[in-house]
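Please see the structure below; I have some questions.
Labels A, B, C and D are assigned to the chains in the order they are written; within every chain, residues are numbered from 1.
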């Protein structure tokens, strides 16, 4: 236990993302209401985003916008750029994409849920199953 | 061995395949359709015969089409055995075409275009199997043949043929996929080749005896078209098909492809030497003997003529397997030549059965007393055919039986000789009474007095007379076939 | 033109956008735009394949940046083949689809074609890309489009089936994304070749192991490997025919391609088969998939559903072959990607023709179909034989390699499963044929011409020609499989 | 099901945590992810692309190909919502309200067409009069939100922002309009057809800029070959990025509106929030 604790403390961000993700996954599998499942799905995807963004973090670094360059291109070459001063831009880029994807998926899923509701007047899975087996 | 590359084998296979679109497009004009069948059949026979002289000179014709994997190509190689089988199949196809016109039109069957198309496809596959250079090609045509005959077997599209078709497929397709395919792939994975060669494909020590035993059994039972018991029940079931199908396919093409495959396996894949070394011939002979005797006994109890013929076929097929399994030159000769001899004999019998059915509508032997007086030609031909199957002179069947018996002596297998003799007696028992009753029995309907001759139409009569005639000719002149076999087996 | 690799993917995307605009202005234009787009794509795919065969792997730098910095299209023999397969099938299906779209989704045909093209874009992009994250984005495009399509088909059950598909699809894609994240974290790169270069040094790392497992599970969910297949049968059988015909042969096959790409290019055989000890377990899973797929197919009463379970079964073939860990098995798996795509396409084309005429394809609806639709049935029979594995159709030859691979590894259970599944498929299809051939059962012996005088009611000629063409190509591809193996697959594996 | 779910969740969680065992510590500047590629981006991007916002540089240039498909995903989502939900059938019952007096007309037969003057407004069944304060505040706010959105798009090269963010802000201004007035107001302002076309056009701007590079002699998306076409060749990459960001902004705006309108009105485009 004594070994585990520092390990957790040093990487608590990863533990958090796993817990968050598992909450989402549990909701997706176990919840009965389709909207709750959708919410679970969103939590699930958000957890991944959290994970990625935390990869990009660097201690003592700032946002990845080169400061000296503001307002003109010429000054840029004068001051040397130190990689350690800026956090990693790549995960942010990737997550911009992932966010968009999850929003898009969520939108489509909502549309589908609306369709299901229009057809069956319910979003509870067990009721839906009953309705389906009736036929 | 000298080989010649030629497209003739391919053309011989394809000619009846390419005629199918023409057949389909001329479905509304039966006469045009049938004349195309003749043209195709004749060309096919001529193509096959044109290769005969080359083969008799001891050369082989080869053609590789598609290299699938090293040692396993889609390829043709015409050797003596293949030639023998191809001649038999192609010539009988032509004869059967005539017969089927008479039969199908005589009974006003439905779906004649479908019938002739699949018939053509089946015969293409048969020739392809005959000319196969390796096991993969053989398997290919074997499967095509299985599937092409399904619509023929189930031609009537009624409940009965549905059941028969189901049984047919279960046995034929089930065994070929379930037994032959794994055995074949195993052979390939061990040796890296599937080319037939008289020495066998297995190098010394590559195959242990238990493995060889299992493989051989998988092949022998797997080629269920050969009707080895207990995988024979499809054949009697398939007799629901129209008689031309029973005649050509279930006495000549389909069943003989099965037997031919087993011959190829024994002589081309394992090789005679390997099998004699492991002493596996006796095992196959035992299996074959059981089939011979049991099916002969069953045949005795059958009243439907076609079913009796079917069981007779099963027993005769095992003769061939039996002969090859003797692994002696004489036995091999007897076995392989029985392919031809039995083909002509049995097709005559089937033709007669069909002719009787068309002319009188009778299917059962018990109804046939006195029929010989009405249909003397048919029954005479039937007599000759029966002689061929029993193995009595002056029919070709005698020649093969003679060689088989010599073969058993040569191999010093006296018990098996007794099997052959016993089965010949049984054959006589189930055929001769039909003929006796036909000529001398009392017909049920009519009393005494002169009987009006009431033969079937000429389209039916001529083919059966012709095959009966050939059956006799083969007794006197078997030389070409003998030579082909000796070349094919490398016995010269 | 050096830009063929980009054009393969961009042409359908551009066409999708133009078709989307046209849908609002002049809907009739959407269809020709789509045809042109896919024609360009197919042509580019052919050119690319020829270039790759002639002069080796193509590296195409997007935006001109060198690989680990920018995104690279790395087209080797395997991609090139799959690219041609995807664009070709999409193109042919589009031609065959005009009539069925008119019948099924006439009021929003323009949008249908747009989604269709976007789906193809996604598949092509997945196949062409050499970047792990780019792959994810494109997988999501294919997923989103197929969610929409599935819901469009069956008005009753489609939306619910699609929603379930969304849940499982999102889990699959997220697992893959997470796996890529783990890989990125430990290697710092997203380019496949770059990652592959760094990984050998990290052989024993638990992070790499987890990354591998996550990627594989993600891809397996997307390809519907048993027992992660539950979404597939409903999703595919409820989608509109024009789309089902394309998604059924392509989607799962492209995912198998992704799996093989990850195994061969990114993680490497050495890592998977020597460091890890899970190959046997996966082969067993594949064996189970084959058997379970076959058995579940037997229980179906609807032709479309039955075929979808056959897809589940076929997935087992490819996964098993790829995890055999030897050249023969991998050859079989890759060859089967090609063959299975073509034969599933042929099957679904035939089914599409049936749906066009019959509206629904429960097995009992198929009575007398041999008489009514002889040409469609010919195509169906050929495709069925290919699935069963009857030579000379192509299904036989890939099965040949798969069994050889299994024997070489000593995985006899897998070989046995392949044989058994052939038998099961034979039973399945002959059950269908019997219904089509024998029923309605005639009285007595069926003599006389009256029996066969069923009026022929075939599908439109455009659909028939494509069906015929694809069915024949089954045999042609089968006969030339030796050539395909020698010019494409073996050089790729070397 | 719950137990099963719990087991699956625990197993997956354990697997994921097992993988984190060898992770570098959080925020470690020497972790591979922070060293291998990112340093190159940080040090070279400004020089190579003239764009100080590294996220934008990577997003729209180095990995511009990803972003293009990301925009396609957005487009795809909008199209999917439209395809799934849009219902062109007329509602059976309609309500009209006489604006000056507040008298409500209820038309039950959908086929009956009533010619009404401007003083009658087509209204929802559950109509609540909009609150004057909300309406007025939103009316003032919306233009500013929109201008801000444009700024975010245009200034994405230099400060946090870009096409997606700007597009979302613009889209939300439209949604705000629909919420504060009603859906019909929004639909009247921006026709469905316009939204549909704009969504495609936005993506087309992106793909078009990327594709033009090919006939100009470069690879796909290689903005540098566009130098002859722009007024400031030195900043050609930055300008290219600006171009695609504008495209992204348009597409995102349109799609946001499409998704919102279709979902809240269940595809009827009449009633709803």
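As a working rule, a residue touches a chain if its C-beta (ideal position, glycine included) is under 8 Å from a C-beta of that chain, and two chains touch if they have at least 3 such contacts.
From a predicted model like this one, the values you see are computed outputs, not experimental measurements.
Of all chains in the assembly, those touching chain A and also chain B are C. By number of C-beta pairs in contact, A-D leads when A-C and A-D are compared. Each chain gets a centre from its C-alpha atoms; the one nearest the centre of all protein C-alpha atoms is C.
Averaged C-alpha coordinates give centres for chain B and chain D that are 74 Å from one another.
One finds 30 Å separating the Cα centroids of chain A and chain C. Per-chain CA centroids place chain A at a distance of 18 Å from chain D.
Spacing of chain C relative to chain D, judged by their CA centroids, is 32 angstrom.
Residue positions of chain C touching 2 or more other chains, listed in rising order: 133, 137, 140, 144, 147-148, 151, 159, 178, 184-185, 190. In chain B, no residue reaches two or more other chains under the touch definition.
Among all residues of chain A, those that touch two or more other chains are 25, 55, 90-91, 94, 97, 101, 104-105, 108, 112, 115. Chain pairs recorded as touching, per the definition above, are A-C, A-D, B-C, C-D. Here chain D touches chain C in the complex through residues 15-16, 18-24, 31-38, 40-41, 61-66, 69-70, 72-73, 75-77, 79-80, 82-84, 86, 88, 193, 196-197, 199-201, 203-204, 207-208, 210-211, 214, 218-224, going by the rule given at the top. On the side of chain C, the complex with chain D involves touching residues 3, 6-7, 10, 13-14, 16-18, 20-21, 23-25, 60-65, 68-71, 107-108, 111-112, 114-115, 118, 121-122, 125, 131, 133-134, 137-138, 140-141, 144-145, 147-148, 151-152, 159, 178, 182, 184-190, 198, 205-207, 209-211, 213-214. Within the complex formed with chain A, the residues of chain D that make contact are 1-2, 4-6, 8-10, 12-13, 16-17, 20-21, 23, 25-29, 31, 33-34, 37-39, 41-43, 45-47, 50, 52-55, 57-59, 63, 66-67, 70, 73-74, 76-78, 80-81, 84-85, 158-160, 164, 234-235, 259, 262-263, 266-267. Residue ranges of chain C in contact with chain A, taken from their complex: 133, 137, 140, 143-144, 147-148, 151, 155-157, 159-160, 162-163, 166-167, 170-171, 174, 177-178, 181, 184-185, 190.
Every residue of chain A that touches chain C in the complex is listed here, in rising order: 25, 28, 34, 37, 41, 44-45, 48, 51-52, 55, 90-91, 94, 97-98, 101, 104-105, 108-109, 112-113, 115-116, 119-120, 128, 132.
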